[in-house]
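Across the two complexes that follow, chain A remains constant while its partner is chain B and subsequently chain C.
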Partner chain A sequence: MITLARRWGSLAALLMVWEIAVVTRAVDPDFLPAVHTIAAALWDLVSAGEIWINLLASTYRALVGLAIGTAVGVAVGLLMATSRAANGFFGPLVAMTYSLPKASLVPLFILWFGIGDTTNMLTVFLATLLPVVVSTYHGVKAVPQVLVWSAQAMGTPRAQILRRILIPASLLSILTGMRIALGFSWVLTISAEMIAAKTGIGKLIFLYGENGSYAYMFAGILAIVAVAYAADRAMVWLMHAALHWHDSADLAGEH
Partner chain B sequence: MQGVSHIRVERLTKHYESREGRVLALALIDLAVDEGEFVVIVGPSGCGKSTLLYILGGFLRPDTGVVEVAGRPVTAPGVDRGVVFQEYALFPWLTVAENIAYGLSTTGTPKGERAAVVERFVRMIGLEGFENRYPRELSGGMKQRVAIARTLAYDPQILLLDEPLGALDAQTREVMQDELLRIWDATKKTVVMVTHDVNEAVYLAQRVLVMSRRPGRMIDEFRVQVDRRQGREAVMLSDEFNGIRNKVWLAVRRQAVAAAR
Partner chain C sequence: MDAAANGATWLGQAAWRAVKFLYPIALVILAWAVAAHAGWVRPLFLPSPQAVAEQFWPMLNGGEIVAPLFLSLYRAFGGLVIALVIGAAVGVAIARTRWMRWGVDPLVSVAFPAPKIAFMPIFILWFGIDSVSKVLLVAFTCVFPIIVATYHGATTVSRTIVWSAQAMGTSERELLRRVILPATLPYIFSGLRVTVPVALITAYTAEMVAGGGGLGSALMYAQRFFQTPSVFLYIILMLLSGVVLDQFMLAARSWLIPWQPEEDS
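What follows is the complex of A and B.
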């Protein structure tokens, strides 16, 4: 009960202040809908089925983009960390594109691929790729030299060092990169959908916002927040399961 | 085995690059270790004794000089030389049993025999019941015992020990020293150990080598002929032990003092 209060207390307090502020007209409901109005709008979207089809579209784009971004990101990160030539080739590209806001490329992708899944997924792919590349690279670089040496001393062939030593030793870093990428995948899906999709929660939020149906807009935001939160919890659970042996295993379950 | 050393190092030099430029770490090192001999190298910190051990392990290459094991030049790490590192270097994602079995899997011990070998070494280091624990659940002394067991399990002819007891408290350390002596007595492996603890060096070694401050050279050699069967107390209180200990201590201290100036 106490942990429940600690976990959700701040959120409940925020919603309560919000609701009271709007109901007492301290804040104009035309600018900020009351919490109960948003709840009603969400119920409306849920019972009409409108929310599900859009959630499905957004989740599909986010997770496919993430899956490809993660797979390529881990591969490139491992390559960069173990090959000087690969590091020389990819390093400048990563450094140049790391701080580029990937959403700014959406208009270009619309030009190339039109409006729809490909444009959305490509944006998510690019946004999730870099954090995974960077965290994988640094994870492998931080593996203590003596782990590799002791593996070699015990007869591990060079070709197996990556799989048997470097990947498990940098797993925390790799999975942390994936978790950050998972967060980015929702941000980029919603942003891209606003201008480059006919379906999806991003499109729904955008349309209701344009029409001034702010309660419905907030309902859409709430729905995607719930899905993103659940996905993050699942990721934390996965990290916990994969890293139960790790020094920081007790911490992986927090936040 | 008269005439042919198990380990032979001649006129070895090694530089490394640092911010201050090229630093000479080891200068013209000569070393010969007989088969079954227990040699301990002592020296002030930073004298390059660990570097020498890493070169014997095949992890680092010398700039010049000869490094041979069993008559063959050392060019890479090999399972003939088991290494125990200062920081244990256990694989944290493997259990105690899996860590000990690691070298068995790479050296071709049949799957069916591995469990028996692991069990034997777990019993030897007194960690029955901890087989399925991960390194993070073990104390420093337990980790060290697993690191030693892991190296002994695949039966290398040579043991290279890099301050293997450095992280242990004084009591555990003495227990582990006696354990090392017992293992050496039972297996008669060739041992080269590096430490900065003079008592430990004289207590364990048949021969103590003293290295100079950087650039490291071999400057002194002491043969230790004490009967270790009489037990720790008798050995450490004997005139013989203390005579050599004092000489080694003085030799190391002079180097350390000179290095500090």
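What follows is the complex of A and C.
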């Protein structure tokens, strides 16, 4: 309880200052709705089911895009790390496209595939692909060559080396890349929804903003911030669960 | 070996490196050209590379490239500078004082994974549709990675060095300026290098979402009128601006912090 208070005390204090500032009219409630107004709006969205439909649509897009991006990203990263020709081919392409805002492709995808899940997921896929490729590549490159040589000396087939040595040894790096990609997946989902969509939390936030229903707009933003935070914590938990055997498993200072 | 031959091999090596880097990109453009010319897809959906390239001069002369590009760059860098100043100050402060850590740590841990673009409507509400809201959204997006990088750097300064300085009567101010900051600078710079593309991406995306000029809204405008060659040209410009800035950051790093070589990234 005390650690909880210490951990979240400053956030609670911030909310309190916010509430008092608006209630006493030090801040215009038209610009910043009071905390209790936003809470009521959030409750309204939750009980009417409106928030669930849109959060579900956005989460579905973000996670499917992330899953495909991770699968392809790990494959390409492994290929680049183990084949010089593949590295020569994909390396420049990754370097060139890394800092391209993937949201800039949304107008093009709308032209090709129309407004909807395909456009959205394809954008998320491309945005999540690159961090996973890069982190997989670096992770595999950092695997001590001795391990691979020993396995080869014992006659381990290539597929086994991949599955039993390269992937487990680079798992921390792959998961770190995936955590970055997870963050990207929310940003790209919401950007794409704000640019053009029929459903989704990004669309919801934008609509309420345009209608001037600011308490509902804040409530929507609060909801997606909470979901993104929960997803990030889940990812960290997954990293610990998957890497409890690893040297760096004490990265949260549990040892 | 004489100097001329030496120069020739050096040139040859540089040319070879350029070819090795550029051939995959050339292949992609070739595949694009083949697909466009084969007539599998309508030019409205996929214009040929030539059609896109031909747009360049008319659009440049029409003022559709330079002014929007600089507006976007201004927004990205304005936000980045704000994020750098605040982020470095907050990062050092939470590394050095306990109550700052208590106050800021939970905020950072919640805000770090949050998709900042979702806050765009709030920034529009508070600061309007023009540059200010975009500059501040960029700052809001970039400040957290810089805080974390600075904090990380400032906590790695060896305690013995800090104690030695204090034992010699160094004031807290001098300590910051002469010990903490130089030791933290490489970390801040690493954070900054990660953040430069983020700033650019955020500025472009904010413009696409909210309009108000810049390359992002020019792109949306071109799409609305189905000027697909212009859409492609704007995307390529965005891509090149990121690549150029990253090269610039690499050069700036070796110039600013020559005592720490870039770790392979």
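Definition applied: the second predicted complex is superposed on the first by the 245 of 255 C-alpha atoms of A that agree within 3 Å, B and C clash if a C-alpha of one lies under 4 Å from a C-alpha of the other, contacts with A are read in each partner's own complex, and residues count from 1 in each chain.
Operating definition for what follows: a contact is a pair of C-beta atoms (placed from the backbone, for glycine too) under 8 Å apart; a residue touches a chain by one contact, two chains touch by 3 or more.
Remember, predicted model here, so these are calculated numbers, not experimental data.
Colleague: Applying the document's definition of touch, where does A:241 land relative to chain B and chain C: first, second, both, or neither?
Modeller: In the superposition, A:241 touches no partner, neither chain B nor chain C.
Colleague: Just chain B (first), just chain C (second), both, or neither: which does A:17 touch?
Modeller: In the superposition, A:17 contacts neither chain B nor chain C.
Colleague: Between chain B and chain C, which makes contact with more of the residues in chain A?
Modeller: Of chain B and chain C, more residues of chain A lie in contact with C.
Colleague: With both complexes overlaid on chain A, does A:165 touch chain B (first), chain C (second), both or neither?
Modeller: Touch status of A:165: first partner only.
Colleague: Considering only touches as defined above, state whether A:108 meets chain B (first), chain C (second), both or neither.
Modeller: second
Colleague: Pick one for A:53: touches chain B only (first), chain C only (second), both, or neither.
Modeller: neither
Colleague: So in the superposed three-chain picture, is A:75 touching just chain B, just chain C, both, or none of them (first/second/both/neither)?
Modeller: Neither partner.
Colleague: Please indicate which partner A:5 is in contact with in the superposed arrangement: first for chain B, second for chain C, both, or neither.
Modeller: Neither chain B nor chain C is touched by A:5.
Colleague: What is the contact status of A:229 with respect to chain B (first) and chain C (second): first, second, both, or neither?
Modeller: Touch status of A:229: second partner only.
Colleague: Please give the residue numbers of chain C that touch chain A in the complex, ascending.
Modeller: Answer in residue numbers: 20-25, 28, 44-45, 102-107, 110-122, 124-126, 196-197, 200-201, 204-205, 208-209, 216, 219-220, 222-223, 226, 228, 231-232, 234-235, 238-239, 242-243, 245-246.
Colleague: For chain A, which residues count as touching chain B in their complex?
Modeller: 144, 146-147, 149-157, 165, 168-169, 171, 244-247, 249
Colleague: Can you check the complex and tell me which residues of chain B touch chain A?
Modeller: 54, 57-59, 76-79, 81-83, 85, 87, 89, 91-94, 102-103, 106-107, 134-136, 150-151, 154
Colleague: Please name which positions on chain A make contact with chain C in the complex.
Modeller: Touch list, chain A to chain C: 6-11, 14, 31, 88-93, 95-101, 103-108, 110-112, 182-183, 186-187, 189-191, 194-195, 201-202, 205-206, 208-209, 214, 217-218, 220-221, 224-225, 228-229, 231-232.
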